[in-house]
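Multiple structures are listed underneath, in C-alpha cells.
The following pair of complexes shares a single chain, chain A, combined with chain B in the former and chain C in the latter.
Entry: the complex of A and B
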C-alpha cells in the first residue's frame, strides 16, 4: 500500500500555545511494498511524521494519502481514521510500555476485538501472531509483566501484527535490546516485509541497520525531508552525509579509511562487513 | 592514568531475587570493586541482571544477602538518602520520570528537594543544561521532546547533582550517533576534571570498548571482568568492535591475518603493510 505526503505541515497545540512547526512542507511518496529507513538527528521530526500517517497528529496543512484513504487538515471523519488505523500498524518507541492486559493473549486480542472480530477468531489470530514474532504458544497464558524486556517487545509487536497491517511503521524497535535481540527483531521485520509485501517504515539512528535492512533512506532535518534515495546512492555521497552530520555504516567508514591510507580504490561501495571482506580480498589487501 | 587507588563502590557477595517464593536468583553472589575515576561498562544479554545490579547500587531494590559500600558508607535504609547524593542513576526510558512542566523545572526538582538555595540552583541548572546541549529547550514541556532530547534532559538532571558516581542504564540508546559521541566526551571531560566514576550498562560494544574495564554478566553472575581487549578475545558470545569482527571474518576466508585481537588502528596498519 502506498503512502503519499503532499505539502504536510504539523505542530503540537496545547491549549492556546502552539509550538513552532514540528513538520513543514513534507512531500514524500513511499511506494507500495518499499522498505524505507528514516534518519535524522534527535528532534528532526521523525516520530512526529510517523504519527501523521494514522492521524495521531493531524496536519495543519496538506494531505496524507494511505492507499485510497486521505487525511486532510480539517478533522477527518471517524470512518477514514478507523479504516486507516486498521491498515497502518504502529510500533512506537518502547512499545512494551503499552502492554496492559492480564495475559499476553488478552493483550494481543485487544486490537482485533475492538475492530469487531469474534473472540474465537481473535484467539486464533493471537496464536498466529505470537508464532510470527518467534515466541512459544505457551507464553499466551502468562502475564506480559512477567516476561523479559525482549519478550515484552515481541509481544507488543505481535499486538500490532495481529491486525495484519498493509503498512508497518516502527520507531526505533531495537532500542534497549541486546545486539542479538535487536538483530532478531529487525530480521523478523525484514522477513515479514518480504513475505507479505508490507510497506515498511523504520526510524533508526543506527546506520548499520539502515545499510543492512532498508532499500531506501529518507533524511529529515528541522522538520523537513531533505533527501529520499536508494541506500547505495545515499552512502556513496560521503560529502553530502557529512553536511547532514550523519554517520556512515561501520563497513563504509572503514572502507574510506583504508582507501585513503593504503591509497587504493575498492571495487564497490561496501555497506556490510561481508561486502568489505570480499572487496579487501579481491584487491589483494587481505 | 587518572584512576586513583581509592575504592568508591564495593559490592560483596550480593544476592537478589524478585520473587522470594521462587528459587531463581536474578543476581547470585556478585562481588565487584570499582575504583574512583574508573569507567566501567557492564554488558550482557537481556535478563542477565545488569539493570537489577544498578538499581541495587542506587538503593532502589533491597538485597537478599550481601553488602554494598559506596564511598566508605554501607548502604542501608538509614544511609540510602545520603548515598543517593553521591550516586546518580539515569534510566533507559526517561519518559517515566519527568515531573516538571518545563525542562528547567524538572532539573531543579531534585535540587529543590535537597534545599539548594535559589541562586545556586539557577546556576547549577544552567550549567547542566549547557553540558548536554539542551539550553535552548529550557522552557519546553519535557513530555513533548523527542526520545533523544528526553534522554539528554534526564542526564542533565543527574549532572546537576554533581554525583561522585554516575550510572547510565542504557541511557544513550535513543541518541543519534553524533549526540552520543558528544555526550560521551562530555562525560569523559567531567571524569577527568572531577574524578567522577562512570558505570555504564550498554549493548553498544563500540561504546564498551572505550571503557577502562568491561564486566560481562550472564544469568545473574559475573562471567568476565577485565580490560576490553581481553574480554573480546576470550568471549565469542559478545559481538566485538568492528575491526575485530573484520579480523575474524578475514581469518575465516583464509586470509593470513594475525591470530590475536586487533584494534582498528592495528587492523589498518596491517592492511596497509
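Entry: the complex of A and C
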C-alpha cells in the first residue's frame, strides 16, 4: 500500500503554547511494498512523521494519503481514522510499555477486538501472530509481565502484527535489546515484508541496520526530508553523509579503507560483509 | 491531557514570581481563610478586586485562569445548587417539598460561587508563579516547627518533591501509551460511562507497572548514592526573606483588617 505525503507540516500544541513546526514541508512518496529506513538526528522529526501516518498527530497543512484514504488538516472522520489505523500497524519505541492485559492472548486480541473482529477469530489470529514472532503458543496463557524484556517486545509486536497491517511502521524496534535479539526482530520484520509485501518504514540510528535491511533511505533534518535515495546511492556519497554527520555501515567503511590502502576501486558499493568479500574476490584481492 | 492549568508553572519575571515561596504560601492560605470573614457584598467586592489585582500582577493572561476553573465547574455548580436548594430564609420564590429556592439561598449560592472561583484563582496564581521546587522548599520551611513534635518534615518534603518532579514524566508516558493504544484501534471519549471506564484499563495498567518500576529504580539509586533520611540535610537553595515579602504579608494583614471593619460596618445589611 502506497503512502504519500504532500506538503505536510505539523506541530504539537502543549496547553496554550504553540511550538514551532516539528515537521515542515514534507513531500514524500513511499511506494507500495517498499522497505524504507528513516535516519536523522534526535529531534529531526522522525517519530512525529511516523505519527502523522495514522493520524495520531494531525498535520496543520498538507495531506497524507494511505492507500485510498486521506488525512487532512481539518480533523478526518472517525471512520477514516479507524480504517487507516487498521491498515497501518505501528510499533512504537519500547512497545512493551503498551502491554496491559492479564494474559498475553488478551493483550494480542486487544487490537482485533477494537476493529470489530469476533472473539473466536481474534484468538485464532493471536495464535498465528505469536508464531509469527517466534514464540511458543504456550506463552499465550501467561501474564505479559512475567516475561523477559525480549519476549515482552515480541508480544507487543505480535499485538500489532495480529491486525494484518498493509503498512508497518517501526520506531527503533531493536532499542535496548541485545544484538542478537535486535537482529532477530529486524530479520522477522524483513521476512514479513518479503512474504506479505508489507510496506515497511523503519526509524533507526544504526547504519548497519539500514544497510542490511532497507531498500531506500530517507534523511530528515530539522523537520524536513532532505534526501530520499536507494540505499546503495545513499552510501555512495561519503561527503554528503559527512555533512549530515551520519555514520557509514561497517562493511562500507572497511571497503573505503581497503580502497585507500590498496589504491583500487571496487566495482560496487558494498553494504554487507558478504558483499565486500564477493567484490574483493572479483577484483582478485582475496 | 494538556488542558490542566492548576499545578503548572509559568516562567516569568513579575513581582509575584519573585516573592519568597514562604510568603506566597502564607499569603495564599490566609487569603483563603479570610474569604470566610466576608459576609456582605462589600466584602466580596473588595476580595474580588484584590483577586483581579493579584492576577494582573502575575502578568499571565486571564484566559489561562478561566481555563483553570473550567475542569472544576461541575463540582462548583453542584455545591452551589445544593446551597441554593437547601437554604431557607427571606422571601421564598419556589417551594417544593423539602426543596425551596429562597432569597437567602440565592444570595448564599452567589457568595459560594465567588468563594470557589477566588480560591481556585488564587491557588492558580501561586502554582503558576512558583517553581514546584520552590514550593516544596516553602512547604518544608513552613512545616519545620513540626520537627519539634517528631513529624518527619524532611521526608514529607522529599515525597512532595519527587511527586511534583515526576508529573511531567507521567504526563508524557500517558500520552505515549494512549498513542500506542489508539494505534491499536481504541477511541477515547466514546460510548457509555462504563465503556469509557473500561477503556482506561489499557492506560492505567501500563502506567502503574512503569511507575512501580521507576520507584524501585529510584529507591535503588538513592540508596547507592548514600541517601539516608535520618541524617540532617543541607539545602542547595537558600530561601532569603526580602522587603517585598514583608510587603506581601503586610498587605494581607491590612486586607484582613479592612474585611473585619466592613463586616462590622456593614452590620449584616444583606444577611
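Convention: the second predicted complex is superposed on the first by the 284 of 286 C-alpha atoms of A that agree within 3 Å, B and C clash if a C-alpha of one lies under 4 Å from a C-alpha of the other, contacts with A are read in each partner's own complex, and residues count from 1 in each chain.
Everything below uses one rule, namely that a contact is a pair of C-beta atoms (placed from the backbone, for glycine too) under 8 Å apart; a residue touches a chain by one contact, two chains touch by 3 or more.
All figures in this text were calculated on a predicted structure; none of them were measured in a lab.
Student: Return fit or clash for chain B versus chain C, each positioned on chain A through the superposition.
Tutor: After superposition on chain A, chain B vs chain C: clash.
Student: Once the structures are superposed on A, label A:97 by its partner contacts, choosing first (chain B), second (chain C), both or neither.
Tutor: both
Student: Would you check which partner chain A:160 touches, where first means chain B only, second means chain C only, and both and neither mean what they say?
Tutor: Second partner only.
Student: Taking the superposition on A as described, I'd like to know which of chain B and chain C A:145 touches: first, second, both or neither.
Tutor: So A:145 only meets chain C here.
Student: Which chain makes contact with more of the residues of chain A, chain B or else chain C?
Tutor: For chain A, the partner with the higher number of touched residues is B.
Student: Which partner does A:82 reach: the first (chain B), the second (chain C), both, or neither?
Tutor: The answer is second: A:82 touches chain C but not chain B.
Student: Please indicate which partner A:110 is in contact with in the superposed arrangement: first for chain B, second for chain C, both, or neither.
Tutor: The second partner, chain C, only.
Student: After fitting the two complexes on their shared chain A, where does chain B collide with chain C, if the options are 116-124, 134-142 or 152-160?
Tutor: The stretch that clashes with chain C is 116-124.
Student: Would you tell me the residues on chain A in contact with chain B in one complex that are also in contact with chain C in the other?
Tutor: 14, 97
Student: Taking the touch rule as given, give the residues of chain C at its contact with chain A in the complex, in rising order.
Tutor: Within the complex, chain C contacts chain A at residues 2-3, 5, 8, 63-64, 67, 173, 176-177, 179-187, 201-203, 205-206, 209-210.
Student: Touching residues of chain A toward chain B in the complex: what are they?
Tutor: So the residues of chain A in touch with chain B come to 12, 14, 19, 40-44, 46-47, 93-94, 97, 148-150, 172, 175-182, 205, 207, 245-247, 250-251, 254, 257-258, 261-262, 273-274, 276-277, 280-281, 285-286.
Student: Which part of chain A faces chain C closely enough to touch in the complex?
Tutor: These residues of chain A touch chain C: 13-16, 51, 54, 56, 78, 82, 85-86, 88-90, 92, 95, 97-101, 110-111, 114-115, 145, 159-160, 163.
Student: For chain B, which residues are in contact with chain A within the complex?
Tutor: For this pair, the touching residues of chain B are 44-47, 92-93, 95-96, 140-141, 144-149, 152, 170, 173-179, 203, 205, 239, 242-243, 245-246, 249-250, 253, 255, 257, 264, 268, 271-272.
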